[in-house]
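Quick heads-up: structures coming right below.
Next, two complexes with chain A in common: one pairs it with chain B, the other with chain C.
Moving on, here comes the complex of A and B:
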C-alpha cells in the first residue's frame, strides 16, 4: 500500500469512494432485477391482456426482453454509464432521461430547501429549549415541547399538506394550493415536508444540547463574558453538528419520501408524481429510471454528509462513522 | 412520511432503581390505542351498513345527520372514517410484524456468520438504513403492482434495516462479554447463546423502536394508499379516504377532517407509547425547581455596602458572601476574603467545602442552580454587585480551570477560543489577536508557538493546554486570576513546571491570584496567605510563614497539613526513584 493511503484523509476518501461505487452498483442491479421479478410476463402486461400472441412477441422484441438476461443487463449497465436510460415502455418515443431532466429540479429543490429549513430551525429550537430548561427550570416548557413534538411527529406530510391548503389557500387565500408557477408556490410544500423532520431533529438537538451546555468548556466561554447568543452559536453549535449531520442523512432519506408524497398533495410537477403514475401504468422503463435517479441522489447525499462529518469532527476519520 | 423512527434507545442499562410507573404519555398512548382497537372491532359491525349505503344526499357538508358530510355517492363520511380503522390497523400491524421479525432474525443471524460476511452485511445494512424507505417501498410496489397486499409487503420490507441494525447492535456488546466467551469455550452452540443472552436484553429497546416504527409505517402505508399505490377502491383505509376528499378541498374542506383526525390519533397513540416507554426506561432525575431565577448575584445589605471605601486597590474584596442552592440549602455561609494586588492567596479545603463556589461567585460567574449574595464584592476594581461592563470583566478577570482537557472546546481550534476576549471585547482583528497569542505562547515556553493556535485541543498535552489557558490571561493583562486547582488534573511530572509558569505570569502582570487547592503542600510553596474553608465557612486564615512554622489553630488545618506532608514524602521518593 502506498504511504499516502496510510494517512487519514486519503484512506477515508478511498473508503468512501469504494462504498459509493458499491452502493450505486447495488442500485443498478436492484433496478434491473426489479423488472424481472414482476410476476407473469412484463411484455404481456405492457401489450395488454387482450393482445394477440404476435403482438406480445412484438412488444417483447421492442423492449429487448427476448435477448439473454446477461446481454440485457450489460446493455442496461452501459446505458446507465452513458446516462442513456432508454425509452418509456408505454410511450416509445419518450426518452426516460428527458423526463428526468425536466422533472428532477422540482423534486430536488423542495427536498434541499426542506432539509436546509430543518437543520436551521432544529438547531435554533433545540438549543433554545435546552437553554431555557437548564437546571430543571421551566418544566412546563420541557414537557410541552415533548408532547407537541411527539404529536406533530404523528402528522403525515399529506395531512399537514391538507391542513396547510385548507388554512392558507382555501380560508385565507394567501398562498397557491398547487402547481409550481411562482416562487410562493414553494412555501407550502417545503413547510409540509419540513415539519416532521424538525420535530425529530429538534428533539435530538435538545437532548444533546442539554449535555453540551453543562460541559466545562461552556463555563469557560461564560468566563470570557461573551453574549449568550455567541456562547451558543459559536461554542455549543459546533459540538452539536456531528450528531445533527448524522441525523440529517437519515432525515434527507425520509424527506425524499416526503417529497414524493407531497407532490401529489400540491400537484407538484416533480419526479414523485411521475414515478407514481409510471407504477400505476406499469411503465417499467420509466419507473426504474426514476428510482435509479432518486436512489443515486440519496446515496450521493449520504456520502457528502459523511465527508462533511469528517470535516466537522476529524476524529471520525479514524473510527469510520461517528454514530450509526 | 417525513418522520424518522429515532427511538430514544438506551442500550442495556438495567439500573435497579428504575422507575416502573406508568407515565402520563404512556398511559394516554395505551388508552388511545385500546380505544382505536375497540373502534376497529366494533365500528364495521355497527356502522358497516351506513358506510356502504348509497344515498341521494351526495357531496354534502357537515350536518346533524351526516357529521362529516357525504361523498360523491352519498355515503356517510363519519362512518367511513371509523370503519376504515380496521383495515388500516390490520395492514400497519402486518407491515410492522414483517419488519420486526425479519429484521431481528437478520440482526441476530449476522452474529452466526464469519466475521467478513458479517461486516459486509452490516455495511450494506447501514447503507440501506440511510436509503429512502419509500423508494424501497416503491420498488416492491412496482414489482407486485399497486394494491393493499403489495403496499403492506413493501412498507414491511422497507422497515427491516432499522430493526436489523438495532438487533445487531444489541447483540454486539453481549457477544464479546466474558460469560459468552465462557459459554463458547464450554461448547454451547451459538444459536443457543444468542437466544438465551441477546433476546431478553432486546425486549425494551425493541418495543420502543417498534412503537415508533408503527407510527412511521402507518403514515407510509396510508401515504401509498393516498398516492394510489395502496388500498384500491372499493376497499378503503385512512389514506384512500383522504385521497378521495382532497380534490374537493375547496368546496368541502370538512371532508378531509375524518381521515386526517383518525390518522393523527393512531399515529399519536403509537408515538406516545414509544416515547412513554423510552421515558420510563430512561428516567431523568426530575426535581422541579420553582421560584426565583438562579445563577444571579444579589446585594445582601445596602447599608453595609455604603460603609465600604469607594475605591481601593485590592484585586479582590469579598464581604459576607453567601451562596444558596435552589432548594434553599446554604452552601457558602458568609465568607469574607481579600486578595491584594500582586498577592497570591490560597483557598484550601476538602471537596464540597464551598471553595470553588466561593471563587466562581467572586468572579461573577455564579453557576446555574444557585444564588449568591454579598455585602460587598469587588473584583479587579469592579463592583460586581453593580453589573460592571462584561468587556471590562473579561479583560481584567482571568480564570484557569481544573481540567484543561474538558475546559477547552473540543470542536474549535485554540486560536478561535483563546482570542475570544481580544476580538469580542478589545476590538482586536483576527490577525492581531493571533499574533499576540502566539507571542504569549512563546513566553510560556510552549513549543512551536505559531503553529499551536491552528491545532485542536486534543492535539496538545494537558500541561501545554493549561499553559495556553494561562497565556490568555497574559494577553488581556488581567488584574485578577482565579485558578481552580489548575494542576490537579495534570501529570505529576509537569505540575511543577506549569505552576512555575503560572506564578511567573502572575508576577509579570502584577495581578492578584486566588489559588484554589486541596493540597496544602502546593499552597505553601506558592502562596503569600492561606484561607482554609470547611462546610462553607472560613475556619482559619494564615500567612505563609505561619503555615511553614505549622502555627495552626484549627485541628482541621492540622489534618490537611499532615495529609500534605504525606504526599510530599511520596513525591520525594518518586523523584528519588526517577
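Moving on, here comes the complex of A and C:
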C-alpha cells in the first residue's frame, strides 16, 4: 500500500470515492431494473389507446424495447457513462438531460432553502428552549415545545401543505396556491418541506444543547460574565454542529426525495412532480434519468457532509469512518 | 420589563414586519399579482391575457402525430383545419369554404385570404401537401385511420380551381368529421420541410392557426400569442361574445390544484375535476361550461375464456346495472346515452327502450355462482368507483367476483394485451373524431387482435356489416340508416352497455368565457369580455 494512503485524509477520501462510485453503479443497475418491474406496457401506453397493433409495435421499436434486455442495459449503461441520458420516451424530440436541467433548479431551490431554514430555525429554537428551560426552569415551555413539535412531526407533509394552502392562499389570499410563477410562490412549498425537519432537528438541538449548557466550560463562561450571544456562538454552537450537520445531510437527501409529495401538492415544476408524471405516462426514459439524478445528488450530499464532518470533527477520520 | 418580555416584543415586531412585507407583495384586495396584468375579483378583467391550466407538457406540436389532450389543445390553437364544428355541432367551413362528399371521397373548395404565420398563402397545394403527409404517416399518426379510413388516400390539388380532391380506396363517411379535428390541422410548407423541429414547436412559419407559440417553459408554462392581422376565424352561426386574448398562458400543473388557483385568482379559466366543482357552487364570480370528451360504457370481453361471450350473461349484467347510479359515480355531469354518443351526434340512437331494464331477480338466476374478473382503473369514478360498483352489483347477484383496480397504464395494457385476465370493465373512449363510428368501432367490427379497433373482440356480423355499410355510404340519409341498424343490432345482443357522456367542466372567472363548438373543447373560442 502506498505510504500516502496510510495517512488519514487520503485514505478517507479514497474510501469515500470508492463508496461513491459503488453507490452510483448500484443506482444505474437499480434504475434499469426498476422500470422493467413496473406493470404495464410502455409502448401501448405511449402509443395511446387509439393506436393500432402496428403502431404499438412501431413505438416499441422506436423505444428499443424489442431488443434483448442485456443490449438495452448496455446501451443505457454506456449512455450514463457518456452523460447521455437519451430522449424522453413520450416526447421523442425532448432530451432527458434538458428536462432535468430545466426542472432541477426548482427542486434544488426548495430543498436548499428548506434545509437552510431548517438549520437556522432549529439551532435558534433548540438553543432558545434549552436556555430558557436550563435548570428545570419554565417546565411549561419544555412540555409545550415537546408537545407542539411532536404533534407537527406527526403530520404528513401533504397535510401540512394542504393546511398552508387553505389558510394562506385560499382563505387569506396572501400567497399563491400553486405553481412557480412568482417569487412568493416559494414561500409555502419551502415552509411545508421545512416544518417536519425543523421539529425533529430542533428537538435534537434542544436535547444536545441542554447537555452542553451544563458543561463546566459553559459554567465558566457564564461566571466570566461573557455575553449570552457570545457564550452561545463561541462555545455552545460549535459543539452542536457535528450532530446538526449529520442530521441535515440526511434531511437534505430526504428533502430531495420527498419533494415528490410537496411538488405534487403545490403543483411545483420540479423533478419530483415530473417523476410522478413520467411513471404514470410510462415515460421510463425520463423516470430513470430523474431517479438517477436524484439518487446521485443524495449520494453526493452525503459524501459532502461526511467530508465536512471530518473537517469539523477530525475524530471521525481517526475512527476510520464518518458518522454518516 | 423583564429580559424575556423584551425578547417576546422583539419577536412579535419581527413577525409583524414579515407579515407586512408579505402583504406588500399582494394587491389591495388581497389577490396575487401574477403578471401585473390582472386585477382581482369584482372589477372584471383589464387585461389582454387569459391564464389557463394544462395537465402535462404537450408531446409535440406536429398535429397529426399528437396523442394526448394537451397536444390537441395546442394543435387547435396553432393550426387551422379545413372544416370546423359550428356551435351546434354542424360542420362548417374553415380553410375550406365548402365540401362535397362523394362515394370515393370528398372535394374541398379552399377559401381565399388564409395565410401561414410567415405570410405564405394557404393554397390548395399547401392543404394537399399537409393532408398527404398526414395520410402517409401510418406509423405514428394514431388518428390517421379515423380520418381517412383504413385504405389508401390520394390527395390532389388544383390551384386554378381552388379545390383539393381526396380519393379513398375504401369509402369512409367519417372523412368530413375527421377533417375538422385538431390532428387534421394544416401544417404550412416550412413545417413539412422540418417535421422534427415543428414537433418541437420551433418552426413558427409552420403555424396556420390564430396563435403562435411564443414561449415554452418545460413543465412550467406555455404562452401563445395572437397572430397580427389574423382574420380566418370560423364563420359561426352565432357571434362569439368578447374578444380573443392577445396572449394565452397555460400553466402546467396538477389538476387537483387547479381549483385552488382559480379561487385565488391565479387562473382565469381551467378544467376542474368533478370532486372539486362543489367548491364553486356558492362562489360568486365564476361561471361553468361543460364539454364532452367521449363516452362511458361497460365493455365486455367477448373472448372464449370470458363468461360474457354468452349473450345471456351480458344481458344479466345489464339487468343489474342501474345506469343512472353508475353515471352519477363516473361523471355526475354526463348525460345518459343510448349508444356511444349523445343525442346531438349525427346518426345517434336515441331510443332508450333498446336497452335492458333493471331486473336484478332475473339476473341472479344467470349470474349465481359465476366467476367474474372485473378490471378497473382509478381514473373512472373516484378511486375506481365505477368498477367497484359493478363488482358490488355482481356480488349481490351471487357471482364470485375478483376485482383489480389499476392505474391507467396497467389497465390499458391488460385490456389490450392480457385478455385472459379480465371479463368486464367500465370503459371510456376519447371520441376524437366526434362520430358514432368511433365509439361503435370499439365494440363491433374487426377485432383489435386482427388489426381492427374492436376492443371487446365481439362477433356480431349483422352489426359489423351495417357499420361497414354506414362508413361506405354516399349520403347522410343512407349513412344514418345503416348506423341505426348497427346500433340496434349491437344493443339487441348487449355487445356493450352505454352509460353516459364523459365530460370536462371548465370553471371561468367573470370577465372571460369559453364556448364549446359542437360540445367539444376548443381553446380558440376563449374570449375576454368587456
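Operating definition for what follows: the second predicted complex is superposed on the first by the 287 of 324 C-alpha atoms of A that agree within 3 Å, B and C clash if a C-alpha of one lies under 4 Å from a C-alpha of the other, contacts with A are read in each partner's own complex, and residues count from 1 in each chain.
The definition used in the following text is that a contact is a pair of C-beta atoms (placed from the backbone, for glycine too) under 8 Å apart; a residue touches a chain by one contact, two chains touch by 3 or more.
This structure is a prediction, so every number in the text was calculated from the model and none was measured.
Of the two partner chains placed by the overlay, only chain B lies in contact with A:156; chain C stays clear of it.
Once the two complexes are overlaid on the shared chain, A:127 sits clear of chain B and of chain C alike.
In the overlay built on the shared chain, the residue A:179 is in contact with chain C alone; chain B does not reach it. After overlaying the two complexes on the shared chain, residue contacts for A:170 are found with chain B and with chain C alike. Taking chain A as the reference chain, the count of touched residues is higher for B when chain B and chain C are set side by side.
In the superposition on chain A, no contact is made by A:63 with either chain B or chain C.
Once chain A of one complex is fitted onto chain A of the other, the partner contacts of A:119 are absent, as it touches neither chain B nor chain C.
When the two complexes are overlaid on their common chain A, residue A:286 makes contact with neither chain B nor chain C. In the superposed pair of complexes, A:30 makes contact with chain B only, with no contact to chain C.
In the superposition on chain A, contact is made by A:53 with chain C only, not with chain B. With the contact threshold set out at the top, residues 39, 165, 170, 177, 264-265, 280, 282 of chain A are in contact with chain B in one structure and with chain C in the other. Considering their complex, residues 4, 22-23, 25-26, 30-35, 56-57, 59-60, 67-68, 138-140, 142-143, 145-146, 196, 199-200, 217-221, 251-254, 257, 260-261, 263-266, 406-410, 412-413, 416-417, 429-430, 432, 448-449, 451, 453 of chain C touch chain A.
Across the complex, chain C is touched by residues 39-42, 44-56, 58-59, 90-94, 98-99, 102-103, 106, 132, 165, 169-170, 172-184, 187, 264-267, 269, 273-274, 277, 280-282 of chain A.
For chain A in complex with chain B, the residues that touch the partner chain are 19, 23, 26, 30-31, 34, 37-39, 114, 134-137, 139, 146-147, 150-151, 153-159, 162-163, 165-166, 170-171, 177, 193-197, 199-200, 203-204, 207, 215-217, 219-227, 230, 234-235, 238-239, 241, 247, 249-251, 253-258, 260-261, 264-265, 275-276, 279-280, 282, 284, 287-288, 291, 294-295, 298-299, 302, 312-315, 321, 324. Across the complex, chain B meets chain A through its residues 1-4, 6, 8, 25, 123-124, 126-127, 129-135, 138-139, 141-146, 165, 215, 218-220, 222-223, 226-229, 239, 242-243, 246, 249-250, 253, 256, 260, 263-264, 266-268, 270-272, 275, 286-289, 293-295, 326, 363, 365, 367-369, 390-391, 393-394, 399, 401, 403, 406-412, 416-417, 420-421, 424-425, 456, 458.
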